[in-house]
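One structure below.
Chain nomenclature is as follows: A, B and C, assigned in order of appearance, with residue numbering initiated at 1 for each chain independently.
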Amino acid sequence: MSLLEVQTVSKAFGGIQALTTCSINVEQGTITGLIGPNGSGKTTLFNVITGYERVDRGNIRFMGQDITRATPDRVFSLGIGRTFQLTRIFPRLTVLENMHISAKRERLKALFSSWSSTQEQALALELLAFVNLLRHKDTPAGNLSYGQKKLLEFALILVAQPQVILLDEPAGGVNPTMINELVGHIRTLNEEQGVTFLVVEHNMEFVMGLCHTVNVMHRGTKIAEGSPDEMRKNPAVLEAYLGA
Amino acid sequence: MKFLRILGLLVIVAFVGIFPVGIAPNDAVNSVAVFTLIGAITVVSWNIFSGYTGYISLGHSVFYGFGAYAFALASQNWHIPGGWDPFLLLPLAGLVAGAVALPLGWIALRTRRHTFVVITIAFVFIFQLLATNLQGITNGSGGVFMPLTPWTDGYTDLPFYYVAFAVLLVAIFVSWRIRHSKFGLGLLAIRDDEDRALGLGVKTAAFKLTAYMISAVFVGMAGAIFAYYVGILYPQFSFDPVVDITIALMAFLGGLGTVAGPLIGALFVIPLQQYLDLQFGGNGVNLMIYGALFLAIILVLPQGIVPSLQSRWRAWRASRNTTLDSGKRATNQEQPAFLIERGGKG
Amino acid sequence: MTLILEGVLLGILTGGVYALMASGLTLIFGVLEIINIAQGILVVLGAYLSYWLAQRFHIDLFVGLLLTIPAMFLLGMAIEWAFIRRLSWNRVTLSILVTFAIAIIIEGALEFFFTTNLVQLQAWYVDKSIKVPFLDFYMPYIYIFAFVLSVVLLGSLYLLVYRTTFGRCLRASMQNRTAASLIGINVPQVQMITFGIGVALAAAGGMVFGATNAFNPASSYDLISRLLVIIVLGGMGSLGGALIGSVVMIIISDVVVLAWDPIWASTVFFVILVLLLLIRPQGLFGRLEGRKQ
């Protein structure tokens, strides 16, 4: 049983079929890539997994549990985190405050307890140090540079210590130094803490260098799956990218 | 630093405390002061929901009205004599308002920004009409009389003043606690990016509804105090869109989402409103001046006084800090006054 | 039964007029993304202008429109240029406050010049009625004339929006402001003109409103709340929605007035709104406000 199983999922928006019986498996402890030409349904797949969109048909299972109809907050609390193509952080809150939003806290206590307990504070600071944003902890997040926001978004999710992280074009619009930094962080988390990653990317170097397995999507469904090398030579993949 | 701040707060509280007996020149000023306190309660309370979550409600006068009518009908039906006793009904007024907020909030919060505002406006008109038409319960436009107070001249305003002040202090405390709690952080996250907050585990629906209900409670109490003070309760002056606009004006003027902002807003708006009504009321000129001032303020200070001052302060600090040793914290005198607290850090 | 038929007929005739006013409001929302709370008082202003022209210069109500409509068109453009244009931050919320402030100013001015006494526009066709064939009641001429007026104006609006170059620019700006400006559309100008059109429609609606209701400056509150309900019901930004929403709501309202009790007319309005929004938050023809903040 895979950690995350997407089983023959279909989703249409009006007349456009974004996903057509798409099935993808993500094994625990891997860094799995998800590539495909524009419009192949990658972001829709993410939305459907994390509960932002509802599938028309099909199932999604996480650790054997059915999460097809789960709401975003439930999906998150089960251990699946996600970043967005256009980085989404909370611009008017400080970096440190941003870090505290995802920390778990039991219900009623949330109402009256302080927004930051000592443990949460410690964890947040540690993670900020990990992504080199510690000195900006009191800056409103909206004032950060694009690359810094990406890192912050990444760190935000880590606070809740998720088991799976879905990364939507993490290298998009980012300079090469930052890309290396990201690759380093992902590898560290994967190797040292066993975090599983599902990465959507257009940057082939990024994908080929980092991922253990790669899934290729085209027109709403998976057309190939295998190691990065295999994908590079796969005729169907080449046709999807270059063909008519 | 913290000591200075607490000292400043105590001074202000003391000043407000002795104002009517020690400082105020006459009854008219006291009257304005009572209205200002009532206004402050409504806007501080409104801010807990609309300021923190960003969902602008122009329908809180519904709770104002419900609180007022609950208070009025209870004191009438239970034959409560005038004086201090009716004030014991205030918690009831608040609870009724809070209870009403549950179904209303559940309906309204299913929608997003623009539609939400419109629904809240619709609520005001629905209930104003209901209050006017359900004469059996509310006596319609005939109004409901409040218990007569036995207090004599020179003393009449004081009980209202101090009760309103007490309720205001509680409201401020609640607002401040929420601001620094996990709950408050969640509300602010909803304001910035609701869907993102949801995806990070914040139970947005429950948070919004809870904030809505809490904000309704104090507004209900304010409505009750208002009705008791005025002595008679009419539907069109309690379920009143002008109340909502005044709340919004106070909040925007002072600055949404801060604790002190609404207070400053109330301090500016209510005395002005009272003055205009007194000077020009009855022929429309007061409305024109009010509207024009309103307009000028929104266009010039769209963020409100407190946040504008805050950003000016920050900019000034930033330009100064380049000359300070980065390891040294700024001295006490350079910290912003307690009023301009932004939360968490100070 | 006749009462209900009468209500329906009345509703259709006056629904058209509300459609005029609501179209203006929804158009403004669609192109400028703001909610013009002043639309109610602008309608009342239109009514007072017609009143003043009739009282002072004895100009017929419909003829007077030739003056009031252009005048208010210019007023609308002026308002947009002077106040709305400046808003960039937190546009939707601030626009509500700004337009409300403008509404208060206009209300104050009207109160000052005309006092709060109720007035109603007078003309021979307001008082005289015609017997409706087959049915047992009389319909004042004004309603029929008003209906014709609405059809003409709405028809012109339709032609303007769907058959002219300007209309295309307008629809483009409605869908995507940035893209529209990138292909050379002068978006600020389109916005200004659209606001002018919205207010001009209020002038026409105002005349009919004033002829069919006793009014004073405070009438604007009930009006604007009805208009808001209509456009939310129809879907904010949808012209077709404004039309259908108006006709449906006014029919329901008029039926309630005649068959049940006038005091519940507006309440029914809002209750229906609330119920509809429970089932379909985007209104009949609107788009679901999703992740866009």
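Following the convention adopted for this analysis, contacts are C-beta pairs under 8 Å (C-beta built on N, C-alpha and C of every residue); 3 or more make two chains touch, one makes a residue touch a chain.
A quick note: this is a predicted structure, and the numbers were derived from the prediction, not measured.
Novice: Going by CA means, which chain is nearest the middle of everything shown?
Specialist: Taking the mean of C-alpha atoms per chain, the most central one is B.
Novice: Which chain has its C-alpha centroid at the greatest distance from the C-alpha centroid of chain A?
Specialist: C
Novice: Provide the C-alpha centroid distance between chain B and chain C, rounded to the nearest whole angstrom.
Specialist: 33
Novice: Using mean CA coordinates as chain centres, what's the gap between chain A and chain B in Å?
Specialist: That gives a centre separation of 42 Å.
Novice: Just give me the whole-number Å value for how far the CA centre of chain A lies from that of chain C.
Specialist: Roughly 48 Å, centre to centre.
Novice: Going through chain C residue by residue, note those that touch at least 2 other chains and give them in order.
Specialist: 291
Novice: Send over the residues of chain A in touch with two or more other chains.
Specialist: Counting only residues that touch two or more other chains, chain A contributes 52.
Novice: Can you tell me which residues of chain B touch two or more of the remaining chains?
Specialist: 193, 195
Novice: Which of the residues in chain A end up touching chain B in this complex?
Specialist: Residues 50-52, 71-73, 75-77, 82, 84, 88-94, 96-97, 100-102, 104-105, 109-116, 138, 156-157, 160.
Novice: Chain B touches which residues of chain C in the complex?
Specialist: For this pair, the touching residues of chain C are 29, 35, 83, 86-87, 89-90, 92-94, 96-98, 100-113, 115, 217, 221-222, 225, 228-229, 232, 236, 263-264, 266-267, 270-271, 273-274, 277-278, 281-283, 289, 291, 293.
Novice: Within the complex, which stretch of chain B touches chain C?
Specialist: That would be residues 56, 58, 107, 110-115, 117-119, 121-123, 125-126, 129-130, 132-133, 193-195, 241, 245, 248-249, 252, 283-292, 294-295, 298-299, 302-303 of chain B.
Novice: Please name which positions on chain B make contact with chain A in the complex.
Specialist: Checking each residue of chain B against chain A gives 177-178, 180-186, 188-189, 191-193, 195-204, 210, 344-345.
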